[in-house]
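Shared between the two complexes below is chain A, which has chain B as its partner in the first and chain C in the second.
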Partner chain A sequence: MAYISGIGCISPQHTMDNEVFLEEAVNQQALFLQCIQPNSYKEFINPILSRRLSKIIKMGITSALISLKDAGIENPGAVITGTGLGCVEDTEKFLMTMLDNKETLLNPTNFMQSTYNTISSQIAIILKCFNYNSTYVHRGFSFESAVMDALDLMANGDADNALVGGIDELTENHFQITSLLGNCRQEAENNLELLHHPGKGTIPGEGSVFFTLTKEQQSSTYCELKGIKMHYKPANFFGVWIEIKQLLEEHNLTEEDIDLLVMGTNGNQETDIYYQQIHSSLFPNTSVASFKHLCGEYYTASAFGLLLAANILKRQTVPTVCQFKGDKPSNIRNIILYNHYAGDQHSVMLLSKC
Partner chain B sequence: MSKRIFITGIGIISAIGKNIPDTFLSLSESRSGLGRIKWLDTVHKDEILVAEVPFSNEELASMAKVESLDGYTRTTLLAVIAASEAVNSAKITNMLELTTGLISGNTVGGMDKSEIYYYDYLKERKGNSYIETHDCADSTEKLADLFGISSFVTTVSTACSSAANAMMLGARMIQNGSLQRVIAGGTECLTKFHINGFNSLKILDPNPCKPFDQNRMGINLGEGAGYVILEGEEALLTPERIICELSGWGNACEAFHQTASSPDGNGAYLAMKKALDMSGLKPSDIAYINAHGTGTDNNDVSEGHAIEHLFGDTIPHVSSTKPFTGHTTSAAGVIESIISILGMKNNMIFPNLNFSEQIDELKFSPVKQLIPNINQKHVLSNSFGFGGNNTALIFSQFS
Partner chain C sequence: MEEKELIDKLRKEIIQQLNLEDMNPEDIDPDLALFGEGLGLDSIDALEIIVLLEKNYGIKIEDPKQGKTIFASIRVLANYILTHQKPQ
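And now, the complex of A and B:
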């Protein structure tokens, strides 16, 4: 377990300012959602360096720095990033130049910054942080693996705190390729209506959320992250059912102690069925909050879900735009965050009010 | 919970062998896997040397017992071959009898196919079975599906230290009680993408690489995969299966530069120091270091200084085995760990081929020729990645 004591987020919503939370939701007619970037990164990154960095690296550094500042920590005990696709823009630039120029006249900068660990290492370079540093790149388990690694380091006494991020970028080209798989809505949709119109496919998105996890509770703490479970390709929803049961049992809780579910429902009726089955079988009377209509679907979208859960526990209210099923709960003690990507990588986190 | 971590299975494929026995034979005969490119289509074919696995994808598919190449990248085929050998060597018959996880290291993913079909997808709007194999997780999930693993499946990408970090995470997860057994390692095939990447950085040696040599000119890239089976103290019930112990690990970030190492090798020093401290060993207990030793100007001086800093005047035997296997990038951590283990088990130290002249700034030379009949209780393997992601692992004889 650990405490979430700092958050930094750049997303398709206005999330950079931790003082307010989703009071005004961004609402657009779109095939995919992209992040609202700051007008300038110079407050966070030296402009000379910034010019060489792609969008995802700048978003990663910036949200990491906001998170650490939020927690009042300068040098974290570990930097761990989860990213499904890493630095897509640099990879595409290098790949297309290579193909177009028949393997000549290539810019090494794009290659150097194309590796998935660029974000974690650039953060370490800026912070001069020599501590543990790693990057997980496993689809809908990328962010979860990073969280799990951080919890283990802290449990072991190897770190008192850790900076843990979930980050992915969506480029126009990548959207074009992804859409060939038939997982995207064919026509632009109002994102705030997405979950009310279940159908085929969803709206892809992107985002960067960094959490500062601490071993001890402190004044900036949002909530407690009690534990995490993952399950790869369960035969049916029962595989997830067991993980949730175990997670509750390990913390001496029952279904009745859960005051809110935060779920990764994304409007794709084929795979949203898991969420409905978990809700109706385990928590039929519990309210549900959702978030993918705000950030879109991407490999590390669960980090946005965790941002939502942490803010709900701290503020003790569910933003109206996130209330999905049931009444807005009051006195929110415990939250189960359940997410899956395309029905393959399922994860569950248990969070509690401090 | 298990304090000690044992290796009960190993599997490998690289340019010097399609399995453990062939690899050991090449190593003990000092036979390098470097040569011209045969299978990959690149304009640099005749300019550079690489260590390519000497089989076509069709041949690899048949070795991997994969019926159709659809959706199978070369990276995945290499992974299936090496991981299957590891599982067999650990005599695992029932994957479900222990809570088993799978952790694999990878960076280039399915780029070998993406670089062929990218414009088909983008411009022609034509999809195929490789459209979903682009990312790093695809090869890992193919392995998970093959072995029926669902408890814990993940992919690490810290560039050239990916497989070492995968092994380290596996060991930690057994120690903390969340898994009982882990298949850990990494895989990477050659692609035009990273050949051109390293070429654009001007760090490819057109001739056989010469790690730790005063006149070193850079890297020869390689490809391959390796996996180990990690188990906790349950393995002590069947001690005959234990190959060795994974007794220490350390991960540190150099936080210096995206692709260069610091001159004093601070990150390398920290990683080795952490591993040594964890194992409870003294520097003088380490009999051999399998160095990261890429053959670049920058790495070898930096790593050399880190070794001198940690080991002082009594520097263990050091060699880089990259002149055998090439630099197998994400797989290097596990391939070189397995080579170190094979040396330890067979009382041999494999040489640093192509070495002739000591680096001016360093006080030591690597092992020039195979050393036979040398008992090694503990060996250390270094893996360093872009971004200063440095990891060191220590393996010990099981007693």
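And now, the complex of A and C:
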């Protein structure tokens, strides 16, 4: 277990300011959701360095710095990042140049920054942090793997705190390719209406969320992250059912102790069935909050779900735009965050009020 | 191409290639040192300029150590291009 003591987020919503949380939802009529960029990154990154960085690297560094500032920590015990696609914009630029120039005249910047671990590395360089640094690239388990690594690191006494992030960017090119798989809505849709119109596919998105996890509770702490479970390609919802049961038992809790479910429902009726079955079989009377209509679907979207769950526990209220099923609970002690990516990578996190 | 015309072209190309945000072509003094104390470019920028020279002017710098002399300033770079560019 660990405490979430700092958060930094750049997303398709106004989430950079930790003083307010989802008071006004951003409504986009779009095929995919893109992050709201700050007016300037100068406040966070030296312009001499910034000029060479792509959007995702700037987003990652900035959200990481906001998270550390929120937690009042200057140099974390570890920097651990999860990303499904890494710096895909730089990768595309590099590959397109290879094609256009017949494998000659390649720009070094795009090549150097096309790797998955550029974000973690740049954060460490800026912070002058020589501690543990790692990047996990496991599709829909990328962020979860980063969280598990941080929890293990702290449990083993190798770090007192860790900066953990989930980050992905979406490019027009990548959207065109992935939409061929049939996982995306074919027509531009109002994101705030997405969950009210289940159908084929969903709205993809992107985001950068960093958490500062601490071993000890502190004044900035949002909530306690008690545990995490993952299940790859369950035959049916029962595989996830067992994981949730085990997670609750490990912490001497029952279904009745869960006051809110935060679920990654994304409007894709083929895969949202898992969420419906878990809700009806395990938590039929528990209220549900959703988040993917705000950030879109992407490999590390569970990080946005964790941002939502942590803020709900700290503020003891569910943002109206996130309330999906049931009434808003009043005393929120425990939350189960359940997410899956395309029905393949399923993860469950248990969070508690401090 | 005249030296002045080439200097103006290079200033624009360098700003674009190196993403020198918030900088206008006229901000770069043609005699200002590109590296170190002057414009403050670094070794990665040098590689980018090598690619730019080959791509836009057909000039291949085989030995990167030559860059120190060739990239002394925009004016020096322009003169190098004028004397080494093969006639079209």
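Here is the rule we use: the second predicted complex is superposed on the first by the 354 of 354 C-alpha atoms of A that agree within 3 Å, B and C clash if a C-alpha of one lies under 4 Å from a C-alpha of the other, contacts with A are read in each partner's own complex, and residues count from 1 in each chain.
Keep in mind that, in the parts below, a residue touches a chain if its C-beta (ideal position, glycine included) is under 8 Å from a C-beta of that chain, and two chains touch if they have at least 3 such contacts.
All figures in this text were calculated on a predicted structure; none of them were measured in a lab.
When the shared chain is aligned, chain B and chain C each come close enough to touch A:107. Among chain B and chain C, the chain that touches a larger number of residues in chain A is B. When the shared chain is aligned, chain B comes close enough to touch A:96, but chain C does not.
Within the superposed three-chain model, A:231 lies in touch with chain B and out of touch with chain C [touch as defined at top].
Within the superposed three-chain model, A:155 lies in touch with chain B and out of touch with chain C [touch as defined at top].
In the superposed model, A:47 lies in contact with chain C only, and not with chain B. In the superposition on chain A, A:133 makes contact with chain B only, while chain C stays out of contact range.
In the overlay built on the shared chain, the residue A:17 is in contact with neither chain B nor chain C.
When the two structures are aligned on the shared chain, A:177 is found in touch with chain B, with no touch to chain C. According to the touch criterion, the shared surface of chain A, contacted by chain B in one complex and chain C in the other, consists of residues 106-108, 112.
Interface residues of chain B facing chain A in the complex, by the touch rule stated above, are 42-44, 106-107, 111, 114-115, 118-119, 121-122, 125, 127, 131-132, 135-137, 140-141, 144-145, 149-159, 165, 169, 172-173, 175-176, 178, 192-194, 196-202, 251-259, 266-267, 270, 385-389.
If you check the complex, the residues on chain A that touch chain C are 47-48, 50-52, 101, 105-109, 112.
Those residues of chain C lying in contact with chain A across their complex are 18-22, 40, 44, 47-48, 51, 54-55. Of all residues in chain A, those touching chain B in their complex are 79, 84-86, 94-96, 98-99, 102-104, 106-108, 111-118, 120-122, 124-125, 127-139, 141, 145, 149, 152, 155-156, 173, 176-177, 180-181, 230-234, 239, 344.
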